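One chain, chain A, links the two complexes that follow: it is found with chain B in the first and with chain C in the second.
For the complex of A and B:
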């Protein structure tokens, strides 16, 4: 009897609880949104030592400039602040920052002791009333304060966007001065934002197409110092250089490191024919990768080093091709109208950036490796020489203006096509090459 | 014995005789009947065939002849309707004209200095617990320093990031009271900054069917939903070998709780009401700072709502995601949470009489349509 009652009760419970369990939450799909820069506030960092006063303000300014420069963020001016941050460890008055619609808040503190600099920061999600990630601190020398600011920016940027960092990186490029018919060119290196420019060569010979090594400590470039284009490798730390092996009477150019940094792929013109070769840097031994009567140049490795994208006119017009890194059959990937050149494989491996010439206009564009989803990002009289930021989100290139007095300037653009902006350099610039993220 | 020979001999003799004399029994061929034919022309042949052609059958039915005169239209004998006379409205008294209200000059309230006197915190004595004041300042002071005061060793020659050494958080060894926000019933800040923490902090008494996803641990926030469905005790489905009255009572109690549990009442939200909520959230969902990978990532977020249409912030949790790395998922979740909180701070426009229908909401944030 008891067992019967128990079973009856269980049945009743199940019967009446069934409708309750059937209660489903309200489900909606949000597939529309707004796309606008995220407003943030970055009040001046707190100076924790007397010598850190000016640097605390400068650090916050560089952080704000980094974030604004992405086009993804908008700084709320300090004049709109309701409350101030007077203590790095003080609680955040979220209501005050909500009131001015600051969705992210960056606070920091700076301590200078002699030549040692210590920077720490925190990032807050204002509307959630919570800290985004943990606070970080960086130590270094006073001279490297900009790098520490870039480190802070990288952490903020990566935490909010989910994108990889890229602010703490450098760019090597060809600095240009003088008119077009007498232009002086020399290699220069700078921070990604145009600061800290240093020159690596003099202007005695034409230099072209510098390319960073994967570790960022060496640069390959082409120089006409001997009268013919030859490839040099330059050590950035010592500013010493040496020429790579090449046979007499040949022209070698368009070099690029492999991801391992052990080999170099380049173009070699011999007997009026240009093909792609691969050289082992240590031994100087070269291997031919292409062998056609067409002009084949501008090779670029895939991030895993297994394939090479290059340009060739073997089909009659200049197009992009992909072949194994050991050579062999190449597959054409560009089929659009116009001519394609200077392909560069994205660090993420998903896209190829290129220069396109069509109907008298030059474009910087990107496409998938199968040639699909081609997207032109720029259009001007002359855009060329794209290079990828370490995170594969931003492209830098050179834009030359028309006319005898035209000059070349470096520009950067987001791969969405938004946020096209010039890069400030002391003089004209071309052939940029973005370094990997600094260690 | 000889009979067979006789029969055979007779047969052969008969056969020979038929061969010799058979011609006597054949008929002479009859003479041919001669008929004269004459050649005729095609016209004659056609005329001949036409004469021999059988009559053609036809399916066409002769139509009746049209009447020569139109039928007369019957005359209308009905008369037009007479106008319906409406009853005259009853005379009513004309209301007196509204007299405009006298506008008194509004004077701004005197500005009184807002002073938030800090709560008087009595110094703790021994292990005496210190109660937080009823109205606490919004931001809670951090009891511990999360950034290590001492910098890490300086790398040579480049600067390197070092994670902040955080001191272990100890539960108020000094007895200092930790003030909590009271206006929005939020969880501790650290509880909502991590996806894993939030996902695991989902209320165990959610009204979702318990079998849909792994059971969530007990909520970290002591505030329980006002209307929850209690899961029946599993003892009812797994009777123990020794059954006593306590088991019966427990089962009965479970059944009563199930009966008393609230169920969705009233009509479901209309498409317009759902769309209004969707648009409201969309207007605050800013994906401008999302990575390209995050733009290919979809997250499903669960949130419990207050009756006034505001979200219970500490119940915002990620239920699932698809596509993208952990960083991409996290950034999409953060942006979606900001959207829910920002636009829900004043309460979403939802019909209160249908509260049980939108008490729990699952929002799928899908930015793929807006990718590059």
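For the complex of A and C:
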């Protein structure tokens, strides 16, 4: 895997004058119902070296695609432009951009020297006639040009929404091919937008539910490689894997890392009964966290590592519970109609995402940790397995269609239920796990 | 459950075996030793569906699977009758071991279905043990909803997918 060194050049910011006081700052409040996406313009970046020509327009295209993909922005086509941007450092003709109703303007410049790529950008609040934040530049390799674009998009998105960034991230998922009775599954990793797909395992054994480590360098998953479900930890850089300790005659699955990355919480089945355990990855020492005859599975840590949300059918149907990370008494938090499973604690700590099954339909939803403010974001024949974007504002999940020719596709939706859209993958996909923001 | 009835048609039986029950353990005995035994077994071809000690006979005449109600792992009366037959057969054919595979239909989340399939496999295993099959000869695994045999999305298919299948290993020692 290619690693990039991205440097923020604070010095560049000094080249620009301080932004003028804006009367109505450019701002999107995500919690509010957006009626009209914010119009922006992202002209092709300036090529500052002969080799940068194609990349200059590709970068602007990826930035535009990132912003449009949020559902919060609308791009003004270049055919409507009155001004052209020929010089990254020239003053912006605000009136020309205002005339075509571009509320935000993103300009950039690209320099390619050998395999080194340098990208600069500026964001303008057109209606206030001022730059929004300071110019930034990112340095990396030509191979990693899409990451540069995502870095630019992240800065633009964060400045306008006030939310954390999420575009410079990856997703590990189960790639699926074949019909339901002969489905082949293998682990794959890709950029959040479906670009740069790489396969991490072959399809020789069933693989399920990969989960990123907190630093994004490893993945936990379940594989039937041994004939029985067992948990593996895979190093993404080297694509090497090892099986975690498990006793003969047991099954282990549904693993997730703790926020420290040093322990894993998972389900272990013995004698037909499934409980939740925690294991120290280095030593293989495990501790039991639940001890009931019910099915207890799908555990997920709170961001501070102090609590675990999980599902249990101890009440008779699948419901969500929260317990201390050391085990002990659990509080039920789901009380609506239907069954609740696959809880995932938001990285912001404020919400839990879940799969709900009710009256023959499946939903992805969110609720607060006390079970209040339940909100269903989707509805279909079979939606399942939510995962959070690093900023806790967007959820990805899998949707399986019904019938003999049914297949599974990844989708994303924001936490208000807007902007449901498929994620493009080369074949079917399920069990997505969103990485933290890349370093 | 649509149990396969004993078929006197050797060809048909072999065809069904080959197509729905690929033998991962090489225990169906087709081929080796066939000529040598033909004279002493009164026309029964070892490994075929009319050889009472064969995997094919177990699958088709005893019944290798039991079915479950929605979200249940309690054995039905039909299921217990099938398992009675399996237990008796396993006691007679003591050179076989078995893996009991638990399965769920697609209406459920992945992790829960894995656990539910394990409950079903375990229910079948415990019943067999209660009928005298040594636990050392039995193992269980759950596939959750990962391995449906029927792929329509309605109860007719779901009912066949909610199953515990006893898959034989070993046997026909040479």
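The criterion applied here is as follows: the second predicted complex is superposed on the first by the 405 of 439 C-alpha atoms of A that agree within 3 Å, B and C clash if a C-alpha of one lies under 4 Å from a C-alpha of the other, contacts with A are read in each partner's own complex, and residues count from 1 in each chain.
As a convention for this text, a contact is a pair of C-beta atoms (placed from the backbone, for glycine too) under 8 Å apart; a residue touches a chain by one contact, two chains touch by 3 or more.
Computed from a prediction, not measured in an experiment: that's the story for all the values here.
By the document's definition of touching, neither partner reaches A:247: not chain B, not chain C. By the touch criterion defined above, A:227 lies against chain C but remains apart from chain B after alignment on the C-alpha atoms of chain A.
Once the two complexes are overlaid on the shared chain, A:38 sits against chain B while remaining clear of chain C. Touch criterion not met for A:282: it reaches neither chain B nor chain C. Applying the stated contact rule after C-alpha superposition, one finds that A:406 touches chain C and leaves chain B untouched. By the touch criterion defined above, A:92 reaches chain B but does not reach chain C. Across the interface of their complex, chain A is touched by residues 73, 106-112, 114-116, 118-119, 121-123, 125-126, 139-143, 146-153 of chain C.
Against chain C, the residues of chain A that register as touching in their complex are 179-181, 183, 206, 208-209, 227-229, 249, 251, 253-254, 267, 269, 271-274, 295, 297-298, 311, 313, 318, 341-342, 355, 357, 360, 381-382, 384-385, 400, 402-404, 406, 431.
Those residues of chain A whose C-beta lies close enough to touch chain B in the complex are 2-3, 5-7, 9-10, 12-14, 16-17, 19-38, 72-73, 88-95, 103, 109, 111, 116, 118, 120, 122, 125, 127-141, 144, 147-148, 151, 155, 158, 160-163, 375, 393, 415-417, 438-439. Within the complex formed with chain A, the chain B residues making contact are 137-142, 145-148, 151-155, 157-164, 166, 181, 186, 189-193, 207-210, 229, 231-233, 236-237, 239, 243-245, 247-248, 251-252, 254-255, 258-259, 261-264, 269, 274, 277-279, 281-294, 302, 313, 324-325, 327-332, 334, 336-339, 341-342, 356-358, 360-370, 372.
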